[in-house]
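By written order: A, B, C and D. Residues from 1 in each chain.
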Amino acid sequence: MNVLDKGINALFMDPEPDNARQFFAKKSRAMTDKRMNEKDAVERFIPDGCYLAIGGFGANRIATAVIHEILRARRKNLGFFGHTSTHDFQLLCAGQCIDRVDIAYIIGLEARGLSPNARRVMESGEVQVCEWTNYALAARLKAAAEGVSFAIVRCMLGTDTFKMSAARVIECPFTGKKYAAVPAVWPDVAIIHVHHADIYGNCQIRGISIADLELARAAKHVIITAERLIDNTAIRMRPTQTVIPFYLVDAVIEVPFGSYPGNMPYLYYSDEDHLAQWLTVEKDPQEFKKFLDHYIYGVSSFEQYLERCGGLAKLKQLQKLETLVDS
Amino acid sequence: MTREYNKVEMMICASSRYLEDGKTVAVGTGAPCATAMLAQKTASPNLVILFEAGGLAPALPQMPISVGDSRTFFRGIMAAGMVEMMTTCCRGLVDYAFLGGAQIDKYGNINSTVIGNYKKPKVRFPGSGGANDFASFCWRTLIMTVHSKSRFVEKVDFVTTAGFLTGPGAREEAGLPLGTGPYKIITDLAVLGFDEKTKTMLIESVHPGVEVATVKQETGFELIVPDFIRKTPPPTDTELRILRGEVDPLRLIIGRS
Amino acid sequence: MNVLDKGINALFMDPEPDNARQFFAKKSRAMTDKRMNEKDAVERFIPDGCYLAIGGFGANRIATAVIHEILRARRKNLGFFGHTSTHDFQLLCAGQCIDRVDIAYIIGLEARGLSPNARRVMESGEVQVCEWTNYALAARLKAAAEGVSFAIVRCMLGTDTFKMSAARVIECPFTGKKYAAVPAVWPDVAIIHVHHADIYGNCQIRGISIADLELARAAKHVIITAERLIDNTAIRMRPTQTVIPFYLVDAVIEVPFGSYPGNMPYLYYSDEDHLAQWLTVEKDPQEFKKFLDHYIYGVSSFEQYLERCGGLAKLKQLQKLETLVDS
Amino acid sequence: MTREYNKVEMMICASSRYLEDGKTVAVGTGAPCATAMLAQKTASPNLVILFEAGGLAPALPQMPISVGDSRTFFRGIMAAGMVEMMTTCCRGLVDYAFLGGAQIDKYGNINSTVIGNYKKPKVRFPGSGGANDFASFCWRTLIMTVHSKSRFVEKVDFVTTAGFLTGPGAREEAGLPLGTGPYKIITDLAVLGFDEKTKTMLIESVHPGVEVATVKQETGFELIVPDFIRKTPPPTDTELRILRGEVDPLRLIIGRS
């Protein structure tokens, strides 16, 4: 294969599909009860040094409970898949959990501004980086989900984003057209928050799916947090709505309000006050440490975190702010 | 009557007029989204808005805070995913990309990655997100940014998103879709376009009360100054009323001026 | 690009994405009323010689009404995308409408047996062929839907199916792995039958989608037949269920029982008697001609065809045979 | 007691025992599907069945007539599409492919495209459909076919679907996923496997009442005949009762014998 140009950064993960197949050959297809708590899920599926991806879109439909548990378990040297990662990335930076990151969008919280601490971490040089775009990263997951070692995209070409990536320029064997070939990525583990799941891991998502369907298929292990567990019969009555089938899933955790302080479509809007507080408190390392102790390290469960954030009164208020509700 | 308006209002109103009715636009967070909302509520009710996370053609109830929040598909036509939205752009179905940016050069290349040396950056920004994708795939890229010498530079520190790269033919040579590229840059001082031959930036119109000399002075590279430069029409009463009353009542965007 | 091996058959369609983009640049994105009848749809979007693809899976969720109209309009020299085409292919052979076909599965009607007439046509040498597999054809649509000129697959390799295709073997720029590169195909027109559509062409499908989502995105023109038209408000209340957005669609036709004699999930099962009759009558050219005159050429509408097949009584019976019904 | 059963029943019962509980299988139309249903209703209630058109793990109420009909996702876990199903196989998540075929050679290559010359065929068959895909992607391919010299040939007229191609290393050399290939051929006479070293067909077991000589005689190439050849256990009462009563009460498949 003629490679016309290549990005100079190092690839964090093996793009060899036959190695991934070897893993999936052994993964159980049994439809067993996969319920467990966040602690056990992190203990079993997120060891130090593994490569992690988080579903949703920054502060929308994110699996906050498991991320908090990663911090409490003091995980270190994680690799991270950073496609529009906002509050999730901010959390992992707060916990000093990561040492390498594939970047499309980090540090920022979109219209809310930039995270001072995440920025500090990324400017420190402590974290190894590789640049991509949101679509390039989605395409890398898609390639893995399709069981092949690369995908071709028409973005990145001609830019420094390409130069600082690990992509390669190839030509179409039919048209001679140039493409950026992006390598498949099979994350070691993905955490995805969904609306409904049964105890086996069959999942339904309402609204946009972002890159989560590709992610669930690419990841070697999948941890699901769900707003609500539903019966398998309910899944089987609406098979068109199943977007993640059970055999991809390793752990199922019921976490109502699990995307808090992020938005969960049809259920509750993001807590902008809490997210703004993060951006303020991060400016002062002393204050920030206290803040993290109070909200994350000093609590033993996600429920307790929700209590400290304002409990039911706050959650009811966020439900009211969600304009997207059922007809 | 003299209308009062601030710089952000001027930029948004001027930009919104480029979003024609019945066209498709992929928008980023913040001002571009407010602009598309304003266009919909004024001249372009059938403007189709796409969000990279999967929202398509919502009846936007309020400004989204995130391009992936639930407002981006409120009473939308479709709630899909990122691959769907990006491949729709790549297939040639999306007319406009509408972006912001930290630095821009005369070829319309955008930097939203780092200031300074890449390995030891002075400032690290979020990176491309979907900007590189949209500007690669969509037919015409609109860019809204504040006009200053530190932003309009001879050479951006990092080409996050492709403009015309190094000049005529460079996009095509790199493999980007034919016939695409930056279209207009809308700043708080002027609307800038590109010279057909050199693919470098030129002044198309200056905003009310702005001198051409000021635009040149605030630009860190040689701008093409045509003989005839139009005046950008100021925001209309209707535009301002809708922008302030319906699009951004909390002044999240327009209050930043 | 090094091409290690190539299939020897000719490609029927141009795989150049920038040519397809030129077409899509001009395609209207206006949300207008696209209702018309089968006659007008065939007249406007299916000229002689164009390359056609049909949604569904052979005799499941097929757009029978438009196919009949193609026969009545005496369309000739059509190219055809033959991925598990059963009754639809049989119809086009009956009408002598096609002169070239990309093949994955043709002639057969699955467990029902083979079509004697379709077989005669394909053994006659009148039709130019190119071999593929079902996934290879789906991947060709997917590549087009993604706006790129090829996709890579790990099927076809090493076989005569590859040799008699127009695929090419390339190597992965990261792993050196071999892949069959399959060229994108942008059909001139696709006909897809769905459960619900609004007048603008926003569509919902219940149950399996087969390769129709890729097809709707790949085709330059899309004709939708729908069991039922629904209001745009209903689409907007359930945007998660929209699978084909309006801007892909050129024509919308409301055709209740439109997949007859095929199966329509949740509504009616296939008419096995009628399909068996086809296989019998095809053996005798004389009888076959009479049969076609009676059921297709001699009727002026799909309703009239349904009447001749047994009308409401028959349709009620097929509704009863459908085990998959709403809860 | 002597049980009465026909050849198709024998083939289906013998095949079903290879479909272990908790495994995944991609099935074609007809007998393979009946076999998977029988396996589910006997030893393998948690066998996950995939259909190429998108149906996953249905509670099959009746035999589907088409691998894309509504029965293939009746109370199923998921109703997806072809790309979903095929990529699930390509990712290595599917243990078995279960196919039929018109011709087969000693390496397990299958022909379902043409008899005679490709350009001027004596008989044209449907082509690969999803067979080539399944046999390329799934870990182990099971093939059910009637045993005769015209079907078991030295060289198939057309390799529609890859077996071991030309022998050891050929699949890998062609680029097919490592560690895949034909596993068992279940005929009305015997169960055939493959020699680890030569990748050619061998007799594993002969069905009750069948002589090894007959198997050799009905095979158009040299079969490996190991010293020890098992007898295929006949269908059990339970298997026959379920096959006839629940799987194929209309005798659509088992009536073809």
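Heads up, the rule we're going with is that contacts are C-beta pairs under 8 Å (C-beta built on N, C-alpha and C of every residue); 3 or more make two chains touch, one makes a residue touch a chain.
Remember, predicted model here, so these are calculated numbers, not experimental data.
Think of each touching pair as a link: the shortest run of links from subunit B to subunit D has 2 of them.
Among the other chains, B has the CA centre that is most remote from the centre of subunit D.
With each centre defined as the average position of its C-alpha atoms, the distance from subunit C to subunit D rounds to 28 Å.
With centres set at the average Cα position, the gap from subunit B to subunit C is 40 Å.
Contacts with at least two other chains are made by residues 17-18, 147-148, 153-154, 177, 179, 206-207, 237, 239-240 of subunit A.
Within subunit B, contacts with two or more other chains are made by residues 73, 79-80, 83, 90, 137, 177.
Taken pairwise by the contact criterion, the protein chains fit none of the simple patterns, being neither a path, a ring, a star nor fully connected. Here the touching chains pair up as A-B, A-C, A-D, B-C, C-D.
Interface residues of subunit D facing subunit A in the complex, by the touch rule stated above, are 22-24, 46, 48, 56-57, 59, 73, 75-80, 83, 87-93, 95, 137, 139, 177-179.
Within the complex formed with subunit C, the residues of subunit D that make contact are 29-30, 51-55, 61-62, 65-74, 79-83, 86, 90, 109, 113, 118-133, 136-137, 158-162, 165, 170-171, 173-177, 252-253. Only residues 17-18, 20-25, 27-31, 144-148, 202, 217, 235-237, 239-240, 242, 245-247 of subunit A touch subunit D when the two sit together in their complex. By the touch criterion given at the top, residues 1-3, 11, 15-18, 147-150, 152-154, 168, 170-177, 179, 181, 183, 205-207, 237, 239-240, 327 of subunit A touch subunit C in their complex. Here subunit C touches subunit D in the complex through residues 56-60, 82, 84, 86, 103-108, 110-112, 114, 119, 122-123, 125, 131-136, 138-139, 142, 153-161, 164, 169, 177-180, 206-214, 263-266, 269-270, 272, 322-324, going by the rule given at the top.
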